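Chain lettering (A, B, C and D) follows the sequence in which the chains are written, and residue indices restart at 1 in each chain.
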C-alpha cells in the first residue's frame, strides 16, 4: 500500500497566509472540497503560533450576546454582558432569559472555594510496604520537593501531594495553585522537576511514570468531583416566588418538587451533573474566551441544590467542583477571544477567580431557564420556534 | 437597584450586519472593550439564523490540518486529512503523529455498533404498583406510541422505551434512531407527541414531565456508558512493534504494562474515559465541523482496551459509547463548518456513521500519540517546544 | 520452607460430629485456641452438606425479634414479626421503632417491579465488526439459545440477552427469571449450556469466557443500579405528620429539607445507597433466613425518594434495584434459617416475591428510625444507652 | 384497624432464657411457626446484652475451616487456618484451593497502608462565602477541636477534617484512627463532642446535622474508594507459572490476558470491585469473627492489579480501600466469634492490623481460585459437584 501524501509544511515560517493557502490548496486537490470561507479569516496567522500547527484558516463560530447578568460575587460585581459562541439555536436566548430572572432577583452570589490543579505521577516499587514507606518519605521531604517543583514556575505553587497506594505502586496527585493560568502545562513541568528531584534523592531511585491516569486531565471523574480540579466554584441566588410566576410561569413549590424528581433521576443515571445542563453554557463561554474547549469534559460536572424557603422563595445553587479556566496563556490572547474576555473585564492577570465566578453564574442562569421551560411545558415549543437550524 | 440596560434587538431583522454592529457598539459603550476582530467576520449574518441569537460577530478559532489518517472502516475508507479547531498548542501535531503511526500500520478499522438517541419523560402515579402496571401497558401499546412519535419526524424512529421504576414514578427513556441528525430536538418533539398520546389514551391520564433527568443530555453518565447515547463506536488497529520503536520510541511490552497501570488509575479515579485524552480530539473536530460542542461532555466517555499479541504487536482499541454527531442540521451547514465536513466527505445525508467512524479514529490517534509520549518521557519537553502559548 | 499440615478430611463421611471434632482438635493443637462453643452446636452436621466444607461447628449469631411490621404489599399482607441476626447493639430496637411508626401510619406498600438474574459471558472475535454481526445472530437465534439454556433447569427462564460490544469482544448478560431461588448457580449452568450451543452452531465457533465480569456477581455496580440484578423492589408509605412528631420527635418539613441535604451528600460521595442504611437490615435479615450473606454487597444499593404532601404528611419510599434472595435452595433449608423463614410465612415455593417485599419494608423501617434519630439529635445518645458492646 | 400485639419484653431482665422462650412462644402463637432449633442455643443469653434486643435465640451458621494460608505480612506471619461461616456450598473448598496455591508460592505479603474512620457532619450557613470562611476557621482551630473530640475516647484520635463545600453548606468528614475497634460509635460520640465545641465557640453558632451522608456508613461509595474508610489494605503474591499450571490448570499468560478483559468489564459495569469476588470471603470471615456484617457493603470494594513478569510468573494483588474490622468491641467478644478470632491469634488489643491483613489475604485467595476456575472452564462443574444445596 502506498503512503498518502504528507501535509505541506515550511521550516522557515509555517504561520504565513501563503502557507495556509498552500495547505488549503493541497487539501482541496486531495478531496475536492472548496475551502473558501475557511480561508477568509481576518486574523494574522502569525498570532496563532503556539496555539495550532498546520494552520489552514479559521472556523468562524457565531457569537451572541447574553445578558445583562447581575452579579454580586466576591470578584465579579455589577452587570455583565456575556459573549457566548455556539451553533445551537435558542441557547443564547435561553441563557438570557435565565440571566434576566436572576438579575431581577438581585443577582448571583458566586464564590471560588478551592484551587487545585494536578499532575499525577505514579511511582513503582517492589511491594506495597516499600510504596507505603516511600509515601512517608514524601511527607517528610515535602519542602524540598516543593522547592524543586516551584523552581520551574513563577505562579505555580505546590500545596499538597495526595497519595493513593495501589498494589506495589504509589499513585500521587501533585496539587498546585496556578494563578491566572489553567496550569496544565505549568504543573506538568513542575511535577516533572519534582519527580526528577525525588528520583535523584530517594535511596531507591524509584522509577516513575509522569501520568498514573488519576489527574484526571480532560475527562470527568469521581476524583474531580471529590478532590477538585482547577477551581471549585459555587453560584447561588434566591428566586423570588413572584418573579418565578411572572417570567418563568412556574410555581416555586413545583420547582422544589421537581428538584427531588430530577435529583433521583441523576442518581439513577449516575450523572456527572445533577442539574439541567451545565455543558451548554460552559462550552459556549469557553469557546468565546479562548479556554481549552476540551475541558468541558471536566468542568461540566456539578451538583444542584435547592431549598424552598418559608416565604415561598426558592434558594437555588450550583456547585462546580472542576472549573478549569484561565485569563492568561493558552487561547486567551487570540484576537477575538481576547476581546470576549475584555468584554467581561477578565483579560490578564488577577482575573481568573472573577472569570470562574462568571462561569458558575452562567451555568446557574442556564439551569434556571431550561428547568423552568421543562416544568412549564414549553421546552419543545420554544425549540421549534427559535431553533430552525436545518 | 436600577435595571441594567437590555441588549438592543430588532423585530424586523435581527441578523443583519447593522444589528450586529449596533450590539457591539452597545457592549463597547457599556464595558469599554473594543470589539474589532469580533466584528471582522466574513460570513453573512443571515446564515446564522437558527443557530444563534443576539449575533454580534464571530469567534475565529484557529484551524489546523492533521493527517493523513488511513481508514479501513465500514464507511470511512482511504486517507483523510482532518480539520481540527483548537487553541491548544501541540494538539494538531500530536494527533498527526498518532495518525502517521496508525497509517503506517495499515489504518484504523472503525465500526458503529449501536444507535440510540433519547428523551426521558417521567410519569407520576399514586404508588409503585400503578407505575408498574403502566409500564406493562407501555409495552402492549408500543406500536401505537411509536406511530404517534414518528408522526412528527421523517427520519426519527422509535425503537424502544426503557423503563426504570423508582418510588411511585416510572422513569422512561424513549430511544430513537435519528438518521444523519444528532437528533436531540427531533426526539424531543417526537417524545412530546408520544407522551400526549399516552396521556390521552391511558385510563389514568397520567401526569408526566418531559425530562426525568435520565436522558442524560449534555452530561456524562453511567447510563450513557451502559445504554449508549447517540452512537456507540469502536476504533481499532494493530500497532506493529517495529513502528512503535521507530516512530514512538517505545516498546509494545512496556505499553502493555502501562495499560494495566493506567486502567487501575482510571478505576481508582472513577474516570469517564480510561485512555489518555478523548476530549481533545473530539472537541477540536466537533468545533471544526459544526457539532454541538457541549456534547463533548457525553462523547468523551469511553474504554480503552489493548492486548499484546504473540508476535509482539499490540492490538489497540477505543470504544466510545456516546458519540453524538451529525452531518445535517444544527451547525453543520454554517459556511466554515460545512467546508470542514466536506473536507472529510461527510456533509449531508447518509454520512453520519462515516463521520462517527472518523471521530473514533481521531480519538485513537490522539491516544497513540499522548500515551507514547508519556511512556517515552518526552511529554513535558514537547509541550515546552511547541506550545509557547503565552 | 516446609508446608503447613493440611486440614484433616474424611473421604467416607466428612459431615459427622466426629470429623468436626477431629478438625477442631487439629486447629486447637496448631493454634492454642479453645474451640468449645463452636463445637457446642445443636444441629446435625449432616444437614450442612452442600452448604459448607471442612465443617467444624457453628457460629451462634444472636437473633432478635423486630416488629410488629404492618404490610400492605402485593404478596406480604398483615402484621409481621421479623427475625434479625446481628451483633450490633440497638439495631433491633431501632428497626422496631421504625416498624412501629410505619405500622401506626397504616403499613408499607411493597412491590416487586422487575426480575432479572444474570450470567455474563464474553465472546472473543477478530474485530468489532465480527462481534457486532455475532450480536445480530444472537438476536435472530434467541429462541434456540433460550431452549438450550432452559434445558438445564425447571424454574429458570431466559428472558433477554443484553449486549455490550467493547473492542473486538461482545460482552453479554444472559438475563433469567429464577422462580424462588436466588439463581446464581442455576443461571451459571443454563448460560454454560447456551454458550456451548452457540459455540457449536455459530459458523465462527467463537471462543468465550463464562464471565466477562459484568454480571456483576457479589459486587455493587452501576450496572446493577440500572439493569436490575435479582429483584427490583420498591417500598413506600405515608408518614403522618402527627405521628412523626409524637414518636419520632421530628417535623416532616425538616425531614423533607434534610432529604435534600442527604441526597446532595450522596451525590457528592458517589454512594451506592442514598438513604440512611440499607445494609444493616438486609444483612441481619439475610443471615437470619439463610440468604447468601455476600449478596449484601449488591442488595444494599438503592434510592430514597421523599415528597412533602400538601397536608404536611410525607411520602417516603426506598427503591432497591438489586435484591438477591431466595425462599428455596442455598442456606434456606438449614434448621434455624428455615425457622426464620417460616416465622415470616416465607419458606418454600411461591414465596420469593413476598420475602423480597419484606426485605424492602425492613430497609424502609430502618431508614425511618435512623434518619429521624439523626435529625432529632438523639442518635449518639441512644447508641450510648443501648449499645454497651464492649 | 387494630394494632398488632407488641413483642413481650421484661424491664427487669430481658436477656434470660425465660424471656427468650416467652418471645418464641409469642411468635409461634402469632405465626404458627415452630422455633425449636432457634431456641436450642448453647450460649448464655446474658452475654448478648449490648449486641441484640428482643433476643429469641441464635442462628447457627455452619462454620468451615479453610487453609492453611501462609502469610508474610507485616503483622500476620506464618500459617493460618481460617474460620469461614457461610451457607454457600463450595466456598470454603474454593478459598482453601486459593490458599494452597498462595502458600505453595511462598505466601501473601499484606500491608495496611492507611487508617481512617469517619463521621461526617454538615454545617449550614447563609451562603457559600460564609461556609468557606468557616472552613478556614476549622483549620485554624484544629487543635482545640481535636482536643474536644478526643476528650470522649481513649483510643480514638482525630487526624483530619476533610471539607467539601456545596451550596451554602460545608460538608465535612472528621477522620479518626480508632485503635482495635471498628470505631463507628466511638467516632460518632467524639464528632458530636467536637461539633458541640464548634457550635459553642464559632461566632455564628452554626447549625449542624451529625450526618451529611458522606461518611458513607454501611454503603459503598466513590468517597470510600478514594479517601479510605476503616483500613486500606493491600495483599500481594507472585503466582509461579508452574504452580498455576499444576494446581490451577491455567497458563499465567492467559490469566494476564483475562485480567484485561475483566478490568474492561468492571469499567463497563461500574463495579465496586474489579476482581472476581471479594464479598464472599469477607462476609464469611466477618460473620465468623463477630464483625459488623453490614460492613460487607463498604469492605468489598477494591481493585485487582496483575502483571506478567519476565520469567512467566504473575504478580497478583488486591487493594481494599475500605476494610472495616475490629478485634475488640462489637460482636468480637461473643463466645463463638471470639473463638474464631483466637483461632487466628487476633482477639483483643493490638491485633486489628493483623486481622485486616488476613482479610485481604483471604480475598486474594478467593480471587485466585475463582478466576482460575472461570478461566479453566471448570467453574460450573465444580458448583454442580460440591454445591448440592437443596
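Quick notes on this structure:
The criterion applied here is as follows: a contact is a pair of C-beta atoms (placed from the backbone, for glycine too) under 8 Å apart; a residue touches a chain by one contact, two chains touch by 3 or more.
Computed from a prediction, not measured in an experiment: that's the story for all the values here.
Looking at subunit A and subunit C, the chains in contact with each of them are B, D. Comparing the residue numbers each copy contributes, subunit A and subunit D share more than half of them at their mutual interface.
Think of subunit B turning onto subunit C: fitted on CA atoms, that turn is 180 degrees, to the nearest 5. Note: centroid distance subunit A to subunit D, computed from Cα atoms, is 38 Å. Averaging Cα coordinates per chain places subunit A and subunit B 17 Å apart.
The residues of subunit B that reach two or more other chains are 164, 166-167, 169, 222-223, 225-226, 263-264, 266, 268-270, 274, 303, 305, listed in rising order. For subunit C in complex with subunit B, the residues that touch the partner chain are 74, 109, 111, 113-114, 127-129, 131-132, 135, 164-169, 222-223, 225-227, 232, 234, 236, 270, 303, 305, 315, 317, 319. Listed in rising order, the residues of subunit C touching subunit A in the complex are 222, 225-226, 257, 259-260, 263-264, 266-270, 274, 303, 305-307.
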